[in-house]
Amino acid sequence: MDEVAAINVIERPKLKDPILIESLPGIGLVGKIAGDHMRDELKMVKFAELYSPFLPPQVTIQPDGTVRLPSMEFSYLKGKKDIVLLTGDFQGITPESQYRLSEKTLEFAKDIGVKKVYTLGGLETGSITSKPKVYGAATSKKLIEEHKGSGIVFKEGGAIFGASGLLLGIGMGQGVEAVCLMGETHGQIIDAKSAEAVLKVLAKVLDIEIGMAALSEKSKETERQMNQIRKMIAEQTRFEKSEEKFMSETPTYIR
Amino acid sequence: MDEVAAINVIERPKLKDPILIESLPGIGLVGKIAGDHMRDELKMVKFAELYSPFLPPQVTIQPDGTVRLPSMEFSYLKGKKDIVLLTGDFQGITPESQYRLSEKTLEFAKDIGVKKVYTLGGLETGSITSKPKVYGAATSKKLIEEHKGSGIVFKEGGAIFGASGLLLGIGMGQGVEAVCLMGETHGQIIDAKSAEAVLKVLAKVLDIEIGMAALSEKSKETERQMNQIRKMIAEQTRFEKSEEKFMSETPTYIR
Amino acid sequence: MDEVAAINVIERPKLKDPILIESLPGIGLVGKIAGDHMRDELKMVKFAELYSPFLPPQVTIQPDGTVRLPSMEFSYLKGKKDIVLLTGDFQGITPESQYRLSEKTLEFAKDIGVKKVYTLGGLETGSITSKPKVYGAATSKKLIEEHKGSGIVFKEGGAIFGASGLLLGIGMGQGVEAVCLMGETHGQIIDAKSAEAVLKVLAKVLDIEIGMAALSEKSKETERQMNQIRKMIAEQTRFEKSEEKFMSETPTYIR
Amino acid sequence: MDEVAAINVIERPKLKDPILIESLPGIGLVGKIAGDHMRDELKMVKFAELYSPFLPPQVTIQPDGTVRLPSMEFSYLKGKKDIVLLTGDFQGITPESQYRLSEKTLEFAKDIGVKKVYTLGGLETGSITSKPKVYGAATSKKLIEEHKGSGIVFKEGGAIFGASGLLLGIGMGQGVEAVCLMGETHGQIIDAKSAEAVLKVLAKVLDIEIGMAALSEKSKETERQMNQIRKMIAEQTRFEKSEEKFMSETPTYIR
């Protein structure tokens, strides 16, 4: 494997100036929920997988008993505007690796013709709102102008962490224009409502239709899953701690 | 040395489609106890050693006063099915290095003809049971089907950390099929009973005999060693802390 | 990108034996305030930018809604003595990366003809003084002699952390002579007064004029900004924490 | 610079099968005090310096106001047996880097003809003794036999951390034989008495004379320095903390 990541290309679809949408997990999982819903709702087709030693060193067991190595996935949709979506369960496990993975993502994106990127995320406000706003930031003033009227509130100041920020920052220097859409969110809850607000803006901007019925349903399901998750996290944390414990005991034990 | 590890090949045994068993330390030391016992009981022959800057920067002093650098070891057994066993005292010290070492292990394994892998580990339950179950996960549904009737409870959901998971996850993408066997265990004790349960399933699957008498004995010995170990760990922790302390004092002291 | 950093050269000014001034952030932000003021006051011209995966993986949103990737910037001023100034918002995020970035800086500096360097920083005293002293350290006794009469108190003992120290230490071995100027400062406040003291010494040494009126003004503004900053930091810390939280929840949630 | 370290060779002395003594800082600073004293007492000649991005990113200011980059130094002494001594203020800052630096040290040592190594360190006991024992560990039983009668108590079990252990562990695989000498020490004090015990054994083994008068004196001086050091450490810790504090504030402050 390459130093940073290996990209397994399953199919090379013919895409015309595809627009890349990034939806890796972040604050409130807003970006991830939006991206996963979009992929399912629009029946987007996975055409490439990215594996990296900078994703967590583990596998997840799926409901059928088979395992899955953490990865990022590229899916596409052909339409009025061709779209490529980047989804995944994790970002890089170190600051440097987040940088390297964003460079790698852009390298691949440019290779398939991407010149424009939208990154999806959340903006923490600490309060709950019934009508979450969608904030934005962009790589140029021209781009901000172009998005006037799309319902995006362009933000003054602050910072964007991880891939949602880096794809803009690194892209700028490589002639890739990009906009980050951030749904207003509490910060301590998984926020499907904020994801919906982001998707509505994105749908308008891309001039596509994305059904939201399933997302509302997912919002309720998410609520239920949360209780299960909390239980499993507690279990896994104990798991990892005891592993560390034994690791440190091992050198003495096994001579 | 290579960036990741150096493998010192002592002997190149002629093996026919050998099956790799991984038994590096993890939860409850279940995998490690099982592997070490299997190696001793079956008088398996060490034929290669792996050294790496990603194993702890130390040596252990052996009973005769000579030292040993942390390593992973490959042993083999020729039989109805040829077997290669990976044992060791440590896993990689960083998340990335666990990934790199699993890649290296697979590279070497494939080089000696391995196409199938079993990884051994523990599954924490937080409770003590007299008849520990053996849970499983695999790289394909076909493989799960093949193991029906072997007493493995294929699990739904959860995660497998370290080499026991990564050899499956990385192997899948390289045409290597693999099954992880996890013995039910409390999580906070070194569990020879769980190791025995895992070994019994493994013996059945591999169609070999593994005497368990010594393992039961080892279980008692482990109990006794634990008290010594706790004392030594406390000592070593003080050792390391004082080293760190002096490290940080040094720049001022030595001008 | 290079393993360590990419330097984007905007312009290749013709400079005669330029002197490099380093003013990256450190104790009391003394060096950074001094450097940023000098750049603005002398209308120095940016001619190169350094980007690196060892700077934080984020972008900052500017007042106009566009983003900026963390970078270090090289600016120049032609005069009796040609000057090159290194400014930036961050130092490397790991100890090793601070070393690598200082090596990279020196490589570029020598490439544009730099043979002499001044690094600017603060020296923590824990107390507030109305007339902060300027302490110094240098790469040779000859250099210390040459600076007698400039008001620098050459220090005995202690250590200089980060780029302000490394440019001296690494430079020495490469034939680059360097002096570190450290303004006496409390340590827990952003200290424009100490920055002024450092700049006055630097101006004398370089035989240039640097107006200080705006700096005094900046000192007051800094006071006001501090309250806003504290609020924003608290917000961002929550932001990052919740991101970490969701990251660790994700593997279980998304199977 | 090389990925790991740069070695600046000042002189290439003609040495006949030189024996390498390692005395980098560790527990009780026993090894470092012993090595530094030996170098001074025997007027050993520095002939090479090792610099590395894995040593702390800082410089220390010397009494004359000039700075020094952290390094390791190789000195030699020609005699009945030629000796090369490795001294330094630090070990590598990460576990991996300790491994890499030990590999680098051995590479250089072998290049100048070294086939035998003694590493010096402390063994923590938690109690104070008037006649500290000298414990040992070696790369072979033959070597242990050869050192019978030299007053070394060869140890059973335990671990040796850092360069003092790694030079044995890595050396073994490269045909370099090595012995580690560990002076019994409390662990929480800088122990010149233990260093003396180690040096006496080393002098006997190497068949050289090392005057100890200055070392006893140094022991008292060390006592006095300790009070100063504690004060300076406290100061530096505040220094670093405030630096970190400002680092994290910076992204918000400088937009």
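Each chain gets a letter, A, B, C and D, in the order it is written, and its residues are counted from 1.
Everything below uses one rule, namely that a residue touches a chain if its C-beta (ideal position, glycine included) is under 8 Å from a C-beta of that chain, and two chains touch if they have at least 3 such contacts.
The structure displayed is predicted, hence computed values, not measured ones.
Summarising the inter-chain layout, the chain whose CA centre lies farthest from the centre of chain B is C.
Two copies of one chain, chain C and chain D, touch each other, and the residues they use overlap weakly: the shared fraction of interface numbers falls below half.
Relative orientation of chain B and chain D, expressed as the C-alpha superposition rotation angle, is 90° to the nearest 5.
Taking each chain's centre as the average of its CA atoms, chain C and chain D sit 34 Å apart.
Separating the centre of chain A from that of chain D, both taken as means of CA atoms, is a distance of 48 Å.
For chain A, the set of residues touching two or more other chains reads 56, 58, 60-63, 68, 70, 157, 159, 232, 236, 251-252, 255. Per the touch definition, chain D reaches chain C in the complex via residues 1, 8, 51, 53-54, 56-70, 93-94, 97, 232, 235-236, 238-240, 242-243, 245-255.
Interface residues of chain A, counted against chain C in their complex, comprise 25-29, 32, 36, 56, 58, 60-63, 68, 70, 89-92, 95-96, 98-100, 102-103, 124, 126, 136-141, 144, 154-162, 165-166, 168-170, 172-173, 180, 187-188, 190, 225, 229, 232-233, 236.
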